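What follows is a group of structures, each given as structure tokens.
What follows is chain A paired twice: with chain B in the first complex and chain C in the second.
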Partner chain A sequence: MLLYDIDVITPSSLDEALEILSSRKGRVKVVAGGTDLIIQMKDGIIPRMDLLNIYGLDELRYIKLDDNDVIRIGALTSFSEIAGSEIIRRYAKILAEAASTVGSIQIMNKASIGGNIVNASPAADSLPPLYALDAIVKVASSRGFREVPIESFYRGYKKLDLAEDELVCEVRLRAMSDDEDGVFLKHGLRLGDAIAVVNAAIWVKRDNRSGLFSDARVALGAVAPTVVRARRCEQLIINRRLDDDSMWSAARAVLESISPIDDVRGSAEYRREMSVNLVYMGLWELTHRSG
Partner chain B sequence: MAQAQRWVGKPIPRRDALEKAIGQAKYASDLFPEGLLWGKVLRSKYPHAKIRRIDVSSAKSHPGVVAVFTHEDVPNNRYGLFNKDRPVLCDDKVRYIGDPIAVVAAETPEAAEEALGMIEVEYEPLPAVLDPLEAMKPESPKVHERGNIARQTRISFGDVEQAFREADVIVENTYTVGTQIHAYLETEAGISYFDENGRLTIVAGGQSPYRDRHEICSTLNIPEDSVRVVIPHVGGAFGGKDDISVQIHLALITLKTRRPARLVWTREESTIAGTKRHAGIIRMKTAARRDGVLLANKTEIIYDTGAYEGLGPAVLDVAIENCNGPYKIPNIDISATLVYTNNYVASAFRGFGAPQVLFAIESQLDAIAERLNMDPIELRLRNALRRGDVGVFNNKLIGSVGIAKALEIAANHELWRERGRYKSETARPWIKRGVGVASAIKGYTLGALPDKGQVGVELTREGKFRVRVSSTEIGQGVLAALAQVAADMLRCGVDDIQLVFADTLETPDTSVTSASRQLFLAGNALADAARKMLDKMRHVAAGLSGEPPEVFDFLDGYAISRDGKTRISYAEIARYMENNNIPPHVVGEYEVPRVEPIPGTLEIPHLFYMFAAALALVEVNTLTGFAQVRKLVVIPDAGKVINPQTFQGQIEGAAVQGIGYALMEEAKIENGILKTQNFATYLIPSIKDAPEIEVIPVEDGEETGPFGAKGIGEIGIIPIAPAVANAIKDAVGVRPTSIPITPEKLYWLIRSKHGEKGSH
Partner chain C sequence: MIFKFRSISKVLILRSGENLYVRCGNAVVRRFSFVLNGKPVEVEVPPAYTLLETLRNVLHLTGTKDGCSDGDCGACTVLLDGRAVHSCLTLMAQVEGRSVTTVEGLLRDSSPDEVQSAYAESGAVQCGYCTPGLIMATKALLMSNPRPSVEEIKEALRGNLCRCTGYAKILEAVLRVRR
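This part shows the complex of A and B:
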């Protein structure tokens, strides 16, 4: 479908954007980098309507580390900026790793983390790290601000805790400390510009004395209507001595948390196996680093 | 033509490089003639259906719509290069999803698109036949009246059964190969208009302006001299623009409305309605003696040509010709079938039927080497063809045959000699590495089909040359290479060569740009033209100086007498010609030598063959099935490299396309519906998937080629899939027999052999 007869409204401040969103509720669609939206509108996946172009709102483009070890990322921050940020690379490295796998250089330059979050693809690469790092999504409207833990932000396939007059303005994480570690894993069908068949992020906290993981979070994408936490798997790696067999058992436990489907990128059966194997590979990496 | 080479062999930057890099080069899709109408094509929704009724009345009255055309507007509604089986616009039936039914011409693209939705087509769906094996059964639904066997033939030499009885080792496998889409950057595109002389002009991406003109004129029933076809820079073709795409539809719009038009396929239209590489099934039974000497090869080839033949019959010939690899095999037996189905139309694609069968035979060779516990390169060398040998069809190989040399280079390459070390360099227990080798062969030129081309050369007033060829610049760099050849032949600077190309009004017919032979053909015709031109100039020099013509030789834009005392510039010669009404142009011609086709074939054998060997280092993640090519070494038998940069580009590009073919490019077709209609799902290699590629040419010279050059356009893709597959076998111990070797396929293959937890 061709896109024509569409008005593009470009606000000059967040306040103005929120104003327009509330006055034209439901009759205007937010566009940030446009890397999802334009394609979906062209393909008729989402209805054609006027666009609120927030791409120029630089006030939503930042990466900050505050005194309380909290990392704040503005919604419009691009994946290039995230992948290259010293703060993210040091204190949220699994997000930096994920960011550097989003599409190609061109896509990374344009695509925003806010767009990735709101587009809510189960395969979105920023989401497993955000789940594993227990991120908080900050939402704004002309009525004020709200904060939502990432896991409760998603209520089902592309169902969000986000009203029509709301914008995502920030995502917030706790900076990882020296005794924390993590891996991001992505299995795509080629090396560049690949949408994940399965992706996963693992975060662990090491007990320095025992060398065991005293806490862990495992999140997987593209295997359920939303990104999922693999809680049974987490239990099997916390405070346990991990050898090859116990890592495989823990990895196999992710099957309890996922419900993959068949699609053009892979069969459900293949996705099940990939979920297990990716988590195994991740655990292997973590246990072979320094533990 | 023995003479000093000043330009040939040099890495001269391509003249189109800068203008393409900065976006100045004009492709057909960049053209917007004033007052144009936007063309759009309505395509079939069913893989197989009768058309009961087409009602275009409401579409016609839609605001902005100028005309809507159906089959009723096409006087001769069938075309095709071998068999006129394809409608310009469907009449009785549709035979695949995407078959064109109507063409809309409107003032805006929006109106054109809206009008498509207003055309009513009443279909009577028919059972579709989508599996070539099913299609071959007599009781299957018929795609065409004549049945689903488009072509079937059997060629045998010697006695394979006897050889199988005497063999020490026999390897038998069934290989399946998928459908590959050309995926060029520029989709099928063109414009049309009446020029100032009232000539219907079509400017469109293609590979042969004369053949496109013929198809336009024969279907629309108009005289050939009333139509001009121009092919500007083309954003990739790879064989996919060998067939008609937008040309006839454009001509129809402009002919009937008297207005300019533009028709550019969307990416989805391109993947659906563009031609593709034949998917197929290849069964092979190959026998060898204990010492590695090949005794027999029995091959069954089934290629799915989809709804229409296109160039399928010739593609099948090339498969037949090359399915025994570049080897001497005394007993061969080939049965080959081209099958119609309600799938997408397959026709020409770089390699033209050879990549499929080379995947098979090169996998067979590897399996034999393994059974005999013999080095795979040694096995290949023991059987490799050499110049002067008699090939499998009892055909004497008179041209250059560089495969043994290429294999020797491969055997001595560090990647091969130290493959043990390369394989051990992996950091994770689930990562396995392997090194594989493969050879390739393919004829260039049109084989036993008549093939002749002309080139025009004109001396300009300034003493430069205008060279006229109908060769098309499809990204391969033929124009730059021809300029270098022309400069050396006409003894002038390369910048003194101006090329006029691919225009039925301005250039003579240099035949089609395909079969890896445009440089060979045009270069030879150019040699003839250069000889004639220099002869003419020699006589002018004689007239100007009073010295006999024989004393003149040519160098750097001057005719110079033997004693060096008389120097006459080309510009002086040009002026003299003008003043004395001596026509300053000549036409050179070359007819490609050929032999009679062997019974049961159309165009084989060729007299001239290209060869290559390739090595691949592949890394397999046994826990995901993902195979990554880490390094490729490609060793093409080039005859003589005219431009090293262009050569490297051609071989690298072909190699990466080969990686796509081997590992990821998979046109998924379910119930006749293409599931991979754009690049989000039809995966071609990204730059990150392109490994280090080392290109080492064998330059033994081919006396019949210009300055010793032979074809190189297709050979680079052919050895890649088997080399990659053989490397995967080396890495994980299982032999992939189906390409593309996607991660999921390879994963299950590894699982079936090693059980859970990969192979570690």
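This part shows the complex of A and C:
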């Protein structure tokens, strides 16, 4: 289906965008890069309605590291910019790794992190790293600003803690320090440009004296209605001596946190198996890196 | 000269039947200005018309190919402000005020540029449908990285599908033009 009968409103500032969202509550859909939304609208997956095109709002394109070791990423920042950013590569490397696997260069050049967050695909590649890094989503409306931890931003499959007049304007992370490490893992059906069958991000904090992980977060995507934290798995790697057996046990514990479905990219059973394998691979990688 | 949506309504009817004609009747048409291959242009099209539709149906620049219309194949790749994007996933409202380069824009005094020549000389074409997209993705790569490694070339072209060549000659073409 083509989009000839759809109007596109293009605001020239964030304030104007918020005014339009407020006055046309629920009757306008925000388009950022549009790399998924345009397909969904053409295919009739989402209702056809007029679009609020924020693609030109450069004030929402930035990556900043402030004095308190907080990284701020503007919602319209593209995955190319994130993957290539020195700040992200150094202080949030699992997000940089995820950003570079989001899709083809063409997709990475246009797709934005805010779009990925609001599109709320359970398979979105940026989300497991944002969960693992305990990101905060900053939401703007003409009523003011609001901050929501990433995990509570998602209430169910494609259900967001986001009112009709609100816009995601920024995502905030704490910069990783030298005693922290992490990996991003993605299993797709081809390397170039594929939606994840399963993806995962693991963040750990090393205790330099004991060599154990004093803290850990494990997040998986495409295996539940939203990205999930594998809390049982986390418990099994925090302050434990990790050998091959205990890593497999911890990896198998992710099964308690996931509820995958069968779809075109893989069966639920396959996803369960791949989730365990991916987390084991990640733990192996992290324990074999010099601490 | 302003290129108007109206002028192609017949083409649209031919392409998609009567339903589309009704849609055209409802269409909001707006004027967009942008720089195309170095020259300013204005078009009057529906704002949710894609850049690909505008290039092919309104401006009759058919070098840019419509492969999947879904952002999977890369055949429609153009440069938007110097970066490779899918023209099939770019709305005209997103193009306003920006600069677009298509494969036609690479010609210098009607002669192919070095990337186009390299593809021809290496025989990196077979049916040719993916070629303009690959050439634009190659162009974007070389603009940001004039001496890419083989791995970097494969990375940069991973979003462009070719079902004929097996990619060996495409890689050869890019290596030929690499500085």
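Here is the rule we use: the second predicted complex is superposed on the first by the 290 of 291 C-alpha atoms of A that agree within 3 Å, B and C clash if a C-alpha of one lies under 4 Å from a C-alpha of the other, contacts with A are read in each partner's own complex, and residues count from 1 in each chain.
Note that in this section contacts are C-beta pairs under 8 Å (C-beta built on N, C-alpha and C of every residue); 3 or more make two chains touch, one makes a residue touch a chain.
If you're wondering where the values come from, they're calculated on a predicted model, not measured in any experiment.
Superimposing the complexes on chain A yields a three-chain arrangement in which chain B and chain C clash. By the touch criterion defined above, A:Tyr270 lies against chain B but remains apart from chain C after alignment on the C-alpha atoms of chain A. Using the contact criterion defined above for the overlaid structures, shared-chain residue A:Asn109 touches chain C, although it does not reach chain B. In the overlay built on the shared chain, the residue A:Asp193 is in contact with chain B and with chain C. In the superposed model, A:Ala98 lies in contact with neither chain B nor chain C. When the two complexes are overlaid on their common chain A, residue A:Ala222 makes contact with neither chain B nor chain C.
Contact with neither chain B nor chain C is seen for A:Leu65 once the two complexes are overlaid on the shared chain. Of the two partner chains, chain C is the only one that A:Thr10 touches; chain B does not reach it. In the superposed pair of complexes, A:Ser80 makes contact with chain C only, with no contact to chain B. In the superposed model, A:Thr35 lies in contact with chain C only, and not with chain B. Across the options 55-63, 109-117 or 343-351, chain B meets chain C in a clash only at 109-117, per the superposition defined above. Note: residues 2, 4, 104, 191-193 of chain A belong to the chain B contact set and to the chain C contact set alike, using the contact criterion stated above.
The residues of chain C lying in touch with chain A in their complex are 16, 20, 23-24, 26-28, 30, 46-50, 69-72, 74, 77, 80, 83-86, 89-94, 96-97, 137, 140, 155-156, 158-160.
Against chain A, in their complex, chain B makes its touches with residues 109-110, 113, 428-430, 623-624, 626, 628, 664, 668, 675-676, 680-681, 683, 685-689, 742-744, 747-748, 751, 757-758.
Those residues of chain A that touch chain C in the shared complex are 2-8, 10, 31, 34-35, 38-39, 42, 51, 53, 55-56, 80, 103-107, 109-110, 191-193.
Chain A contributes residues 1-2, 4, 104, 187, 189-195, 197, 248, 264-267, 270, 273-274, 277-278, 280-281, 284 to its touches with chain B in the complex.
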